[in-house]
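The same chain A turns up in both complexes below, where it pairs with chain B and then with chain C.
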Partner chain A sequence: MSDRVLVATFEHEDDLLAATAAVRRDGQRIVDAFTPYAVHGLERAMGLRPSRLTWVCFFCGMAGALGMLWFEHWTAAIDWPLDVGGKPWNSMPSDVPVAFEAAVLLAGFGSVLALLAVSRLFPGKQPPIIDPRVTDDRFVLVIAQSDAAFDLNVITTQLADFRALSVEERVTLPGGELQ
Partner chain B sequence: MPDLPPLLRPPLVTGNKTLGDVTRDICAPMDRRPTALWWGAFAVSLTALLIGIAAVWYQIATGIGTWGLNKTVGWAFDITNFVFWVGIGHAGTLISAVLFLFRQKWRTAVNRSAEAMTLFAVMCAGIFPLIHMGRPWLAFWMAPYPNTRGPLWVNFKSPLLWDVFAISTYLAISAVFWYIGLLPDLATIRDRSEPGWRKRISSFLCLGWNGSARTWLRYETVYLLLAGLATPLVFSVHTIVSMDFATAVIPGWHTTIFPPYFVAGAIFSGLAMVLTLMIIARAVMQLKDYITLTHIDRMCKLMMSMGCIVGLAYGTEFFTAFYSGNGYEQFVFKNRALGPFAWAYWTMVSCNVLIPQLLWVRKLRATLPVVFVIVILVNVGMWFERFVIIVTSLHRDFLPSSWASYTPTAIEIATFVGSFGLFFTCFLVFCRIAPVIAIAEIKGAAHLPKRQAVEHHEEEQAA
Partner chain C sequence: MTTNATVRPAQRRLQAQLMIAGGLVLAVGCGIAPTRIWSNLLVGTFFLLTLALGGALFVALTYVSGGGWHVAFRRIPEALATMLPIAGGAMLLVLVGRMRQYGWHHDWHGDAGTFWFKERWLTPSFWALRAVLYVVLWSFLAGWLVARSRRQDRAGSPSLAAGNVRISALFLAVYAVTFSLASVDWMMALEPMWFSTMWGVYNFSGMIQATLAVVIILALFLRSNGGPLCGVFNDEHLHDLGKLLLGFSCFWMYIWFSQYMLIWYSNIPEETSYFIARTHGPWGPVVVGSIVLNWVVPFFVLLPKPAKRNGRVMMRVAVVVLLGRWVDLYVMVFPATLGETPVFGVWEVAAMCCLTGATGLLFFRAFSAAAPVPERDAYLAESMHYHAG
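After this line comes the complex of A and B, so read on.
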């Protein structure tokens, strides 16, 4: 499906923030914004929900801790019980450090891999670049044109009030990737 | 948008930079050819590394009888170096994770290089226990895998095995933390490079980063999670390292103060190493506007407070020995301060406790040559701390008939020199191929003044 979008470029994060909030208040659908650094407050202006990756972290960490505790118990007390310094075979306190390390390892790798999967980031990916300066000093807001509330002239004037450097129409590629 | 009121805190980035200037300044060293100073430093480091490789080759081929160890002193130079390097790594995590959780924005100027330092220091640390095994080609026996020997599992009750898991987890998580932090900057390099090998490599490694706000939101969440995981991890790693000693029954090792004492010492030595590298990088790479005197000042304060905790631990150890009523414990501490290794003990006390007190003076914290000398001395002192703990506790044990002394052999010294070679070679290469300051983070943290054109535009609007 190809779609028309409006691409507005800004020079300052405050302008982007204000424009995003205003355009969204008017009922426009915001496709995405592109910024050189994490602009705090933009997620609120865009109406994005907090990320659920914390749950991935929690469950991976639990899996690491419980899995390792079970494994330590199984090796030391069931598969080959070995007397170490007269300690009980299933001595739990000495199982804690390794279980903790396993929890951290799995939680860390789990959340990073989930981040890459959800954001579709992988080595060698060639993303369509909306403006090469977006990783340097430009802030870009992308608004969908499909919405019934969309009026090109109104929005262009409105964006100019927020000191947009340029406002242009573009076509999204099939699959929703921005050109 | 009205201008911000005058800030109470000094600005994080000086010199009236715009966002574009920040990118340009930080990427500039990668575009320039290396300076003569860089080549000189690289040649020295590489030589040290080659000496180390030759020494490691020789001792593995011959056996660790090439070391100066004996039946009484079974751990000395190698474990000292291991603990020294792990400790250095810890300040990197402190700066990147703990200061992040405390919202200390000034960390953005130093976190990238501190994280790189962590990575390289942990690599250096890992080499020593590996060689100490004597048969490093059997190192995989430390992994709990189903084997044909029973399967005989590893001993999960041994702190030495906890160490294997702690150090490898620490290395892995530090590497991931560092790489994730690099993603946006790799995309910056991709977008500003001319087509060529640098663009191809950075575009492969940046995983297709495009600065989308949705990705930024998830990225920040994961970064916070990693910081939250790395913080207890760093404490657990040095706690476990200290348990290598504390769970033994050797007087001088068998104390409950070891975990906090080791963690404080680790952060202390690591901050000294970060400061050493920062002061050099700031001068050599023209980053004076980013690594300001404020940064040095704050790190000095942190370092000094850690030094005071370490000093308190030294005192507590003596008090505990006195109060324990245990003759062996008391002997070890008397022997430490007055015995054959008293010179090492007093070097440690003066470098770690006495000399850093100079940093109470604001003027001295702003005099970089003085700071540089102090941090070098702290590095020396912290190496001696580990040496004192290990060797003085071992060399005169319960039976006077088995008392012995210890002197390192040339092979051990060459291995230690080699670890410095590895560390500085990696660090110098890192300075050339990656941005030494987290570009995306410093842009977000430092309230940069607006570009002239914007202000001009604003005035027009107002009129």
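After this line comes the complex of A and C, so read on.
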């Protein structure tokens, strides 16, 4: 399998969206798209499957809520029963606010950490940036050159129709990262 | 421009039949079980009034926050808002028609020293005057807002929308104070010796949640079978309304629990009376039911993104939320007026039929009075093209 890719740069998000949808409709394999900010509708145009991060968020939240409910019950009613205002030891209403906060905290941290782990990001990492201007005002679409449907001339003309500023061929590094 | 295609004659007839049949049963019931009929009327008219007020609130909030996403279906909350004079008039009739139902009117057991303010505040003439003032203020401001929005269809002047931002700000300030007071006057005063400082926001949360559910149901209805919003109300709008419904369901639960927990924690007898009557004994399961309908179902069903973009799922959840809203109001009123045992029978069903029919008739009459889409609003293009993500 060839590791050659085609890198197309756009000035407007609408052009990127339309080009992504058109190229995918023609059967090309889209490696990735790089944008300065989250472009709504791009994940649909790229045909990405729904993110699994929402499930991480949900189960971390549930673990936070249920774990904290159990812990509060254990500390206040089992390990060292505490009499607060003459209320029963297993007073659920007083456990709810902390359980709620723990659910929010774990859901938040869990999602961010899972995202960092999946995208192999960590402090101090220097990711190769495909074009410095994708951090500012350019939109980049990367198409794989491996497929049988790939025809360089046809695709270059097609991308020009979507006002691509430049279309160039690149080679991916052995690790699969783009340079 | 009048569009009569919004609702078919058969549907209009069904709404009228529901309203008249329910109304007749209630009229008969007035002689048999007057307290129970009145309680049903209070729940029903407060439900209807808060839907109308919620429509005005939705329109005002989106004007003030500079929103453009909702413009494609803005005529729905606007039509709800124009129901305010009639819904408010019905509310006044129900309130004044049986003022002795309010405990302070016959059963005053406070001492003048401690409760001097409460005694003055709940003086019947002052109380009734305030009710009229609330309804007049809401009807006037909401009517003004909607009339200017409709005038923009003809005049097209963007200054009408700009002015509506200022009217909306005024409405929101007036609404925040008066609705809080109205919920205290009309619902909390059923048990005049009980009080909760969260009552206003608790009523607000139920109101906005039910309004969103009704907007979802009406929008889905109006886009089905080639209705006037077919091709206008799209899945992006539905998705955002779903997010709001999910959020305000959680808000309702948050407020409900905050009110409950503060009272449970401090455990002061004059505050706990409300929850002892409702969570101990046969009302307990009804309260749990209201929590399931208003939060558990919408929360777990609407969490996944595809559910919020699915018309069938959203329609069902919205109906569940409306049932939950009725149960929530039922739990506020019935234990105070009818006592320890929940009752459900022909009178409640008749009142629900009457409420559903009247809401349908009033809404579609108001919706047909203007163009179904505010075609010359500057934000309409934005509303048609945005992505909810």
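In this section, the second predicted complex is superposed on the first by the 177 of 179 C-alpha atoms of A that agree within 3 Å, B and C clash if a C-alpha of one lies under 4 Å from a C-alpha of the other, contacts with A are read in each partner's own complex, and residues count from 1 in each chain.
What we mean here is this: a residue touches a chain if its C-beta (ideal position, glycine included) is under 8 Å from a C-beta of that chain, and two chains touch if they have at least 3 such contacts.
These numbers were taken from a predicted model, which means no experiment stands behind them.
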Touching partner for A:L48 - first (chain B), second (chain C), both, neither: first
Chain B versus chain C as contact partner of A:A22, first or second or both or neither: neither
Which superposed partner A:A144 touches (first chain B, second chain C, both, neither): neither
Which superposed partner A:L121 touches (first chain B, second chain C, both, neither): first
Contacts of A:A63 with chain B and chain C, given as first, second, both or neither: neither
Which superposed partner A:A102 touches (first chain B, second chain C, both, neither): first
Partner contacting more residues of chain A (chain B vs chain C): B
Partner chain(s) touched by A:A77 [first = chain B, second = chain C, both, neither]: neither
Touched partner set for A:P132, first chain B, second chain C, both or neither: first
Contacts of A:V112 with chain B and chain C, given as first, second, both or neither: first
Contact residues common to both interfaces of chain A (with chain B and with chain C): 38, 40, 50, 54, 85, 87, 94, 97
Chain B residues within the chain A interface of the complex: 1, 18-20, 23, 144, 150-159, 161-162, 165-166, 169, 172-173, 176-177, 180, 183-184, 187-188, 190-192, 203-205, 207-222, 225-226, 229-230, 232-233, 236, 240, 243, 440-441, 443-444, 450-451, 453-454, 457-458, 461
Parts of chain C lying in touch with chain A, wherever the complex brings them together: 257, 260-261, 264-265, 267, 303-306, 386-389
Contact set on chain A toward chain C in their complex: 38, 40-41, 50, 54, 58, 85, 87, 93-94, 96-97
Of chain A, residues touching chain B in the complex: 11-12, 14-15, 18, 32-40, 42-43, 46, 48, 50-51, 53-54, 57, 61, 71-72, 75-76, 79-80, 82, 84-85, 87, 91, 94-95, 97-98, 100-102, 104-105, 107-109, 111-112, 114-116, 118-130, 132-137, 163
